[in-house]
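Shared between the two complexes below is chain A, which pairs with chain B and chain C, respectively.
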Partner chain A sequence: MSRATWRGLAGGLVLLALWEGVVRGLGIAPWILPPPSGILATTWTVRGALLDAGAMTLFEATAGYGIGAVLGIALAMLLALATPLRKLVLPMVVAVNSVPVAAYAPLALLWFGTGALSKIIMVAFIVGFTVFLNTLDGLLRVDPAAVALLRSFGAGRLGVLWRLRVPSALPAMLVGLRVSTVRSMIVAIVTEMLGSQKGLGWTIFEAVLQIDFLRVWAAILVASLISLGFFAAVGALERRVVFWR
Partner chain B sequence: MRWLRASGLAALARAALPLLLLAALWEAAVALLHISPFYLPPLRQVLGAMLALWPAYQEAFLVTLGEAVVGFLAGALVGIASACAFHHARWLRDMLFPLFVASQTVPVIAFGAIVVLWFGNTLLAKAAIAFYLTFFPVTVNALAGIEAVDPRQVALLRSFGASRRDIWWKLLLPSALPRIFTALRLSAGLALAGAIVGEWFGASIGVGAMLLAALFNEQVVAMWAAILAAAGVGGTIFAAVALLEGRLVFWRDEL
Partner chain C sequence: MTNAADQLDQLLTVGEAPAARTKLQLRGVSRRFGAVQALAKVDLGIAEGEFVTLIGPSGCGKSTLFNIVAGLLEADPGGEVLLDGAPASLLGKVAFMPQRDLLLPWRNVLDNAILAAEVEGRPKREARELARAMAADFGLKGFENHYPQQLSGGMRQRVALMRTFLFDRDLMLLDEPFGALDALTRAMMQRWLLDIWSRYRRTILFITHDIDEAIFLGDRVVVMSARPGSIKLERRIDLPRPRDPALLTTPAFNAIKRELLDAVEEESMKTFASGAA
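Presenting the complex of A and B:
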C-alpha cells in the first residue's frame, strides 16, 4: 500500500482512538456521544432490523437514481440539440433547483403518500437535476474548432452530438453520477424521516422518539456504509467506462 | 461608474426575467391545464397567503437566513483554512482528507437530532448542520485552486524574498479565488438545506418549521409559500456571493 493510504488509515484510527478515549476519559453519557465500541456493539445487536431498513432505503435510492440518471441525461442531450429551447428552459430549471430539494419533500409525501413511491420520486428529482446540469455543462463545453471540423466533413447536429459531444461530456456526466450516489441516499433518508413506515430514515426517527441514541448512531453507521459502497461501485464503473482518464 | 450601474441593472433584468417567465408559466399552466390546487395552487393564491401573514414569513425568512449564513461563513473559513493547511503539510492532508471525504457520505440529516441534542434548539444547532454541508466543497475547490498555481510563480516570488505569508496573500489565495467562489455558489444552497432540515427537529420558527407545519396540516398553499420563502433565502445568499465575487474576482472577465 502507498504511503498516502497508510496515512489515511492512521488518520481514521487516530480519530477513533481519540473519540473512544475522550468519551471514556471524560465519562461522557452515551446519549450525548457514545463511544465507537458502543456503536459497533449496538449495530451488531440490532443488525437484522438495520439490514431490513437498509435494504429498503437502498432500493428506494437506486430505483430513483436509475430513473433520475436516465431522465437527466436524456433532457441534457435534448437541450444540447435545441438551442432556443435551452435558452428558455435552462433558467427555469436553475430557478426550481435553487430551492433545496429537502423543501419539496413535504409536497412529495402529500402527493404520493408515505410508501416507497414518494421517496423514489424525490431521489429521481435530485439525481435528475444533478446529472442534467453536469451533463449539459459537458455537452456544451467542446472545442468550437472540433465542431467546425466535423461539420465541414458533413456531420449533422446528431452526428456532432454522438461523435464529439457525448464522448467529451462523459467525464463531467460521470462526476454528476458519482456525486448523485451519496445524495440519493441522503434524500431517501430525509424523505423517510418525514413520513414512512420502513427504511433507515424511519429507524432514525423512531429511535429519536424513543430517546435510543445508540440506535440512531448505529443507523447512521449503516447508512454511511451503504452510501460508501454505492459511491465505490459507481466509481469503479466510471474507471472502466472512461478508461482514458 | 455608469457602466457598472448599467451592467448591474442588466444583471438584475437577466435574473428577474426567468423568474417572471416562471411566474407567468405557473399561472397559465394552472388556468389552462386545470391543475388541481392540491398539486399546484395558483401563484396569486400563494402570494396572497404570504401577504396575509407577512410578519410571520418575514420572521421565518430572517431566522433561516441567519442560521444558513452563520453555518455558511464558518464552512467557508474552515474550508479555506483546511486547504491552506493541506497544501503546506502533505502528511496532514493524507491523514485528514480521507476523513473529510468519508464525512460527506454520512447522511448529515440523521445527525440533526443529535446536533439539536448537543446545542439545544438554538441558532447554533442549525448553523452546525449548514457548516457540515458547506466546508467540504470549499476545501476541495480551494485546494484544487491552490495546487493549480504554477510552481515557477512561487519560485519567482520567493527569489524576490517574499515570505510564506506574502506568497499566500498575494499569489495562492487570489489564484484560488475563482474556484473558491464556484464552491461558495454551490454551498449557498447546501447551507440553506442544512438550516431547513435542522429546523425539523423541534424548531418553531423558520422556513423549515413552516414546511413541517404545512405538511402536518396538509395545506398545499402554505407549503408552496414556504418553498417560495426558501427560494428567497437561497436567492439572497446566492446574490450576496455573486456580488462579492464580482468585487473580488474583478479580473475574471479578462481571462
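Presenting the complex of A and C:
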C-alpha cells in the first residue's frame, strides 16, 4: 500500500478513537450518536442480514450502473456524429436531468413496482445522464487542428470518431463513470427507502421505525464500505485506461 | 522484415534529378472570408522533387493557402488547383504537417507514426514494421515504444515528420514545423530534414517565418504579399547542395538574404500600416 493510503488509514483510526472518546466522555445517548465500538458490535451481530441487504443493493446499483453507462456512452457517440439531432435532443436531455432524481423515484415505484427493477431503472437513469453528458463533452472537445489532420489523411466521420474523438473522450468519460459509482449507490438506497422489502435502504428505514439506531448505523457502515470499494475499483480502472494523464 | 526492408529500399531510392514536371500548379487561386479577401489570384507552380519555401508577413493568408493545398478548404470559383496537371480534390492526396505536432498522447511513437497509414487501411503490423525500419533515420531508434509526453520537442517534431513521410504522398506540405523549437535544435533539424529529403525525394512546400531557414532549405523561395495574399516574389536559390551551416555566412547567401529581406520588410510595413499585424 502506498504511503498516502497508510496516512489515510491512520487518520481514520484517530478520528474513530476521538469519536469513541467524546461519546463516552460526554455520555452522549446512543440514539443520538452511538460509539464506533457499538456500531461495530451491532454490525457483527446482524452481519447475515446486512450482507444479504448489501448484496441486494450492490446488485441493483451495479446492474443499473452497467445499463446506464452503456446507454449513456452509446447515445453520446450517436449525438457526436449527428449534429442536427444533437441540437434538437440535447436541450431536452439537460432539462430532464436538471430535475432532482429523487423526484422521479415515486413514479418509478408506481410504474415498475417495489422490486429490484424500479431501483435498477432509477440508477440507470442517473448514471446514464452523468456518463452521457461527460462523454459527449469529451467527444466534442477535440482539437480542431487534429480533426483537420485526420481529414487530410482521408479519414471520414467514423474514422475521426474512432481514432480521435473516442480516445480523447476517455478521460472525461471515466470521470463520469467514477462519479457515477457513488451516485448509483445513493439512488439505489434512496429508492429502497421509498419503497421495497429488501436492501440497505430498506434496512435503514425499518431500523428507524423500530428506533434501532445502532442497526441504522451498521447499515450506513456497510453502505459506505460498498460505495468506497466500488469507487476505488472504477478509480483503479481509470488510472489504467487513461494512462497518459 | 524483408518486406519492410524492400519497401524502405523503394522509399530510399533516389531518382535521377527529376525532370521539371509540374507537381502542383495554382492558377488565380483566391479566397474571401466575408468581407476579408485572404488570397487574391495566387499563381504558383511546384516542380516534382522541388523544395519550395514560402515566407510572408503574418496574416498574409499563408494558412489559407496551406489549407487549400491540403484540400481542407475550397478556393473561390475562378481559380484552379492542378495536381499532376489535372484538377483534383486534394484531400487525402497531400501529406500535410501542421504547426503543432498533434501527436496523440495515447499512442506510442510507432503508433503515432503509422496513424495516416492506418487511416488508409494499411495493416497495422506491416505499417509498424516499416516505421520501425525508418526510426533510425528519424533519430528515434530506441524510442519506438515511448509516449509523446516522454519526448523532447525536437523528437516530437521528428515523429510528426515521420508520420508525414509514412503518409506516402508525392507532395508534402510542412507548416512551420520547426517554429516552436529553440535555435540550436532548429538548426540541427534543418540539416537533418535536408538529409532526409535528399534520400526520400519528395516535393515539399515548406512555410516559415525565418528567412535564413527559407534560403537554407529551399530550391526556390516564394515571398507572399501582405493581405490580400498573392505571390510577390520568387527567387531561385542556386546555392550548391548538400548544404551545410557554413553556407549561412557566405556572401552569396547574404546577397540573397538582403534581397528577400527587402521584399518581406516592405510587405510587413504594409501589414503594420493597415493595422493587421
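Heads up, the rule we're going with is that the second predicted complex is superposed on the first by the 236 of 245 C-alpha atoms of A that agree within 3 Å, B and C clash if a C-alpha of one lies under 4 Å from a C-alpha of the other, contacts with A are read in each partner's own complex, and residues count from 1 in each chain.
Everything that follows uses one rule, which is that a residue touches a chain if its C-beta (ideal position, glycine included) is under 8 Å from a C-beta of that chain, and two chains touch if they have at least 3 such contacts.
Only a predicted model underlies this, so the values are computations on that prediction, with no experimental measurement involved.
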Which superposed partner A:Ile28 touches (first chain B, second chain C, both, neither): neither
Which of chain B and chain C A:Ala4 touches, first, second, both or neither: first
Contacts of A:Leu78 with chain B and chain C, given as first, second, both or neither: neither
Touching partner for A:Ala233 - first (chain B), second (chain C), both, neither: neither
Contacts of A:Ala41 with chain B and chain C, given as first, second, both or neither: neither
First (chain B), second (chain C), both or neither touched by A:Asp143: second
Greater chain A contact set [chain C / chain B]: B
First (chain B), second (chain C), both or neither touched by A:Val14: first
First (chain B), second (chain C), both or neither touched by A:Gly159: second
Interface residues, chain A side, partner chain C - complex: 143, 145-146, 148-155, 159, 163-164, 167, 170, 243-244
Residues of chain B that touch chain A when the two form their complex: 17-19, 21-22, 25, 38-39, 91, 94-99, 102, 104-111, 113-114, 117-118, 189-190, 192-193, 196-197, 200-201, 207-208, 211-212, 214-215, 218, 220, 223-224, 226-227, 230-231, 234-235, 238
Residues on chain A engaged by chain B in the complex (per definition of touch): 3-4, 7-8, 10-12, 14-15, 31-32, 88, 91-92, 94-104, 106-107, 109-111, 182, 185-186, 189-190, 193-195, 200-201, 204, 208, 213, 216-217, 219-220, 223-224, 227-228, 231
Chain A contact footprint on chain C (complex, rising order): 67, 70-72, 91-92, 94, 96, 98, 100, 102, 104-106, 115-116, 118-120, 147, 149, 167
